[in-house]
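Below are two complexes that have chain A in common, paired first with chain B and then with chain C.
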Partner chain A sequence: MSVAAPIAEPEMEKPLSPPLSSAPTDLTPDFSKLEDAPEWFQSRARAAWEEFQSLPMPGLRDEHWRYSQSKNLSLDGLHLAGETTEAEKQAAIEGSKGLTHVAARLIFLNDRLIHSQTDGLEQGVVVLPFAEALRSHGDVLQQYLMKRKADLGSEKFAALHLAHVQAGAVVLAPKNAVLKAPIEIFHWVSGVNSLVFPHTLIVAGDHAQVTVLDHHASLRDEVAQSVAVADFVAGNGSHITYVNSQELADSARALHISSTTVARDAQVKALQLQLGASFARSESVSDLAGEGSRSDMLGVSLPFSSQVVDMRTLQNHLAPHTYSDLLYKNALYDKTRTIFSGLINVADGAHYTDAYQKCRNLLNSADSEAVSMPGLEINADQVKCSHGATSAPISADELFYLKARGIPDQESRQLIAIGFVEDVISRLGHEELIESLDRRIEEKFARQAA
Partner chain B sequence: MSVETPDIADIRADSVGDFYFPENHVYDAGYGLSEKTIDYICDVKNDPDWVREFRKKALKVFEEKPMPTHWATTDLNNIKFEEFRYYLAGDRKAKRSWDDVPEEVKKTFERLGIPEQERKFLAGVEAQYDSEAAYSNVKKVVEEQGVIFMNSTEALQQHPDIFRKWFGKVIPTGDNKFSALNSAVFSGGSFIYIPPGVKVKHPLQAYFRINSEQFGQFERTLIIADEGAEVMYMEGCTAPKFETATLHSAVVELVAMKGAKIQYVTVQNWSSNVFNLVTKRGIAHEDAEVRWIDCNIGSRLTMKYPGVVMKGRRARGEVISIALANTGQHQDTGAKMIHAADETTSNVISKSISIGKGRATYRGLVHIPKHLKGCKNNTECDALLINSSSRTDTYPAINVRGNEHATQHEASVSQVSAEQIFYMQQRGLSEAEAMSLSVNGFINDLVREFPMEYSVELKRLIDLEMEGSVG
Partner chain C sequence: MSLLIQDLHACIPDREILKGFSLEVKPGEVHAIMGPNGSGKSTLSKVLCGHEDYEVTSGSVTLDGEDLLAMDVDARSRAGLFLAFQYPFEIPGVSNANFIRAALQARLPKGEELDAVGYYKQLYRRMDELEMSRSFTARSVNEGFSGGEKKRNEILQLMMLEPKYSILDETDSGLDIDALKVVSQGVNAMRSPERGFLVITHYQRLLDYIKPDIVHVMVEGRLIRSGGPELALELEAKGYELTHAA
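Now for the complex of A and B:
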């Protein structure tokens, strides 16, 4: 009977890296700063603040937090990220090592724009910092800004985000614009107990194509929290490729809430690369709204030490003849945990749907723990659906094969783990992007070895 | 009392269980549930003090626990606990011979073919009618081997030491709201003890029948297979279809000691007004095996997730599950596999079929804690959707710690393809026959796991459920 409260429910650990002070936090937004903003935005920000205050923190019985706990994202003791010094800005700019060929690059530090380079943009594609987009493209934002309600457990955090959002990139690609080079955004955080709200909005017009790469990073190893929201709107026949590369400091915490709407014949590929933070949670929803639409949901996490990665996904098939494919791979080390909970929902009338979902865990230590909760809800006809979850260590055969070729054990284990996650990264189909992400993964292994 | 009972011939073939006799109870605890109800049950059953206390504690737990609607269907809120009767019995003493069984009870079970089956292939039979067993018999040969097979009310009186040792140990009162409810008002069910090394050749069978309206049946079954013993237990359930809801909430505990094997076969064919909320769990000690073979065809809502706690080294757990959900039905079934020792292995194979507006749900739990070595789990769940308004859900949870285990889970959802049906029609089968053949093909490898008599019956039941579902 009690599937949700089984005898085997894991013991609730203490929340990870508790903030230094547990004094009640005042996160009241300074609405006077919004005087220049459009009226609709001011009222939405105020409403969001009300909503944030009225919603409780998700409780232990909340199904969207099963095997996890919202205490890991406790706001106690946190404050809005403050002003930074010139030296910090310089460090952030120098630390923003990314792709060689980009169409645009924006760098934010503590939710403030510190660098902007947009000379590679062409075909009318616009990349704007959030605050500027609010002034110049208010109508577009009014239409799309957080219109798809977050519903995978972090409604309260999404409301807090909307009440505070001022940084991040707004990418608008007009009809038929095809931008080959990626757009790269860096979000840095600095200062103990700083709270940031990075935002990403990508609107691709009919048949437009864009690639966007978000980075989240810390200047120092200190407690900080990022509450990011990203919305992708793919018009008819358009292509959006998105990567969220999370490399925050080991004591930081990250939440990334994303919503994707895919229109007729459009394709969206989105990858969550979780490398940093003590607790990282992603909530990704993909609405397949138009016939012939396709969504690829990808995830790679590589937790070491005591990192916890918590992933929640929804493949939401709303129209017939839609296709979605999810592949999340986790390679776990030391005393880490990963929690994957995914759902394929095939709505009434979404006939001829193809939906696939796979979560694979590579357990590399005796104390690592992988939880997989792949789910299906099917209400339509002529549906092809499957899901799978595996959890296992590296096979002895594979190790033996490499050993026979003279590769030391430690090295072969790392090679196999890199190969294991590489399979996901390569699905992005963008060579420079793949190489750059591979480099980050190898660097993480190198850091751990050192 | 002079209601005429129809002849067998009058009963439609697809509703073997849909008939009832007028109520003729000597004991009736009345409507609603309170301490008074429990005192009534204890007095009637002559329960020892510790049982009375156990029941009252359980009632408190039941009252405190919320409905699990944060994950389960909200249809649970339609259960009006105050509108049920919790204990109804004629004669409390189970009869050893069919001749002594009251006429209408005998007719009921004869109509369902129980005595006939007993003669044919069963080692022992117990037949429960509402709250108490009406008939209980075990073949002499089996009894001489030291096998105890009786209803749990009797066992409580006659074998208190074995009963008490394991009672409530596999499924504690507070496991969930419905196990607490059962612990408060349990009555009937089987108690089986198989002595060390005894392998019971033929299955033991229990038959559960609800005859009364607005009634809850709460049987409690406890099976203990001592070291190296083997037993197969089968249960079947039916009830007439009333306008009002009926509640069935059983607790079944299995204990397989070192090297023992227990197979528990269920064919559940409650009528479509029954809430069937059952907790089933077995403990497998070293080298022991617990297999649940579970088939759910009837009921309005079934929530049942048989579990195995693999407590000893190399213990094995298995759940084979078939669910058929027709319009107005929700089969919420699954399995729980708790690995608690090294080198334990578990296997879950679940197949569900949704017809019309039926909804089939699979919920699973696999737990492999750390510091264990060499545990393996395999889970496969396949769903077949027959109509465009049919629905299926799958919600597994797999929790693996450490790098010395292997688990895999796979699920698929499919339809009977138009090509398949067309192909068979080409060869002269009607559309309905073709559909039925496809469905039987889908579950065929699982149906084979049931004893012969059951698998024939199962195929027939499935054919009947499928009737008229095409087009």
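Now for the complex of A and C:
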């Protein structure tokens, strides 16, 4: 049951999911709550609020919002997510079905921590709720918190996030710590027109290895908005694997702003899995800052009904001998729409860069539309770059072959679509994680079929 | 009880390819159809499976009395018809094991789950018979398979689905002699009084390994001659020219 709305066109003014109430929104932060937070944080939060107020909403002519529009994330009528009942907390905890083997699991509901399990942590890895990390690891946060400015269109939303952030996970892996089991975080939202600001910060020391899975989910199908920020700092030779599994209700809206900094010989894999929401936007930047660094930027979306998925990426090569590989795959149904805009930037001096970018769209309906805008900017020598975008309907041959084995039409199409995105998911290289995400995709198909 | 094809006419938009094709395959029988390129052999197999590129303009096909032409592609398969493709398609991202499992699951009544343990036991047994490595269960369907591996995979599906009537469309094409033997053994292992086979081939060689009961010659969309296994040898010796004289 998704919110009915016209397909967004740049010239159209109407937001995708109008809020239920258009009462003037007061999103002024309650700074008195920050009294025991470090001074630097208080002043940054205040500055961010000033910045939010001074920045305009991105306009129709903003390059970063081409074929989309910032009104899809209109803040009108929204309010800060409020207190929840005991029953809601219970529902959120029970609904947090994820991985069997985790090193830690945190569950947030309306930006409040409601469950914490960290007994699987080892080798000095720390997983803390944001508010606690501010108190106990203020120096680390001061060094890394949102230091990479959002610059793919959502500067205003990032400022709002920083003015309000109080929930989410701070993951600190010391040098050489190798954590096999993933860290799993659930962010639930409840209440009509609730606004949440989930935050994720992963700092991996030299040669450390961590895997983090974020879920964004709704307790009920109602209008709500998540403005999430996730930043990854990969030290020399470290490995970070990250998944943003966006499972919000069909009426909700999601924004995920993420930045990755990859130091020498480090590797970061990050997957955007877009399953829910009427409008979901991701902005992902990878700064390949150290020689020999590698970034795998992955994306999967399977929009149904009238969902819109809007993806903006930047592969930013700043050092020589760096490697980035972007693979985004979208399987579109019904009257859905995806927008992919990706830039490969090879900075002056980033010689011997390998940068690849591929966006592939499987159109399962004549009414679906996939927009792809790949881009390249090269200012170095000895560079290998390729980019490409394809959109095609399901292959008649593949479909015939499956049906000729007795598999009904709908199941055959589903098998092909799941197979289409499988190579993206399997690049995570973590069996239980892959299986768990596959299951979520299958569940989405089952929900649509029901 | 048979796969009964009567006076079948089928066309693609600009021309008729099957021009009055008739044949009855009874359970327990192995029929071979030979014929020159362009005689309509492969079209026949696709029309029987319900490929949308072909339009049946007249004639009838029944499978054990049921109107096959009224069924969708998938229903024909579940009714007991199987086509081993000449050029099997690749399905990226769908593992072979999941594919065959989905095909078996589709044959069960609604709500009934396929027994996974029994399934894998049977799958491995059949793969061993076809000398297929276990790695083929996890690999995407036909993706990166050699020509011979694709054909083995077709026969694996045949063995797992146990159809009543199987059509082998030039299964021998592109096979070396060792692969041909293994594939033929697989087919022969499935021969039984309950199953009928229609072996389409361009070359007599395959029929040394899969011995037919009846050999037919197809030219220009219909059968022009039928006979015993010796007909295949005659064709091999004299070439398809004799079919014009017939």
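To be clear about the criterion, the second predicted complex is superposed on the first by the 438 of 450 C-alpha atoms of A that agree within 3 Å, B and C clash if a C-alpha of one lies under 4 Å from a C-alpha of the other, contacts with A are read in each partner's own complex, and residues count from 1 in each chain.
Everything that follows uses one rule, which is that a contact is a pair of C-beta atoms (placed from the backbone, for glycine too) under 8 Å apart; a residue touches a chain by one contact, two chains touch by 3 or more.
Quantities reported herein were computed from a predicted structural model and do not represent experimental measurements.
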First (chain B), second (chain C), both or neither touched by A:421: second
Partner chain in contact with A:411 - chain B first, chain C second, else both or neither: second
First, second, both or neither for A:233, with chain B first and chain C second: neither
Per-residue touch tally on chain A - higher for chain B or for chain C: B
Partner chain(s) touched by A:125 [first = chain B, second = chain C, both, neither]: neither
First (chain B), second (chain C), both or neither touched by A:367: first
First (chain B), second (chain C), both or neither touched by A:402: second
Overlap of the chain B and chain C footprints on chain A, listed as residue numbers: none
Chain A to chain B touching residues, read off their complex: 1-8, 10, 61-63, 66-67, 348, 351, 361, 363-393
Chain A to chain C touching residues, read off their complex: 395-398, 400-409, 411-412, 415-416, 418-423
Residues on chain B engaged by chain A in the complex (per definition of touch): 68, 70-72, 175-179, 277-279, 303-305, 309, 334, 336, 338, 363-365, 367, 369-371, 383, 385, 387-415
For the chain C and chain A complex, residues of the former touching the latter: 49-52, 72-78, 83, 85, 88-94, 98-100, 102-103, 106-107, 140, 157, 161
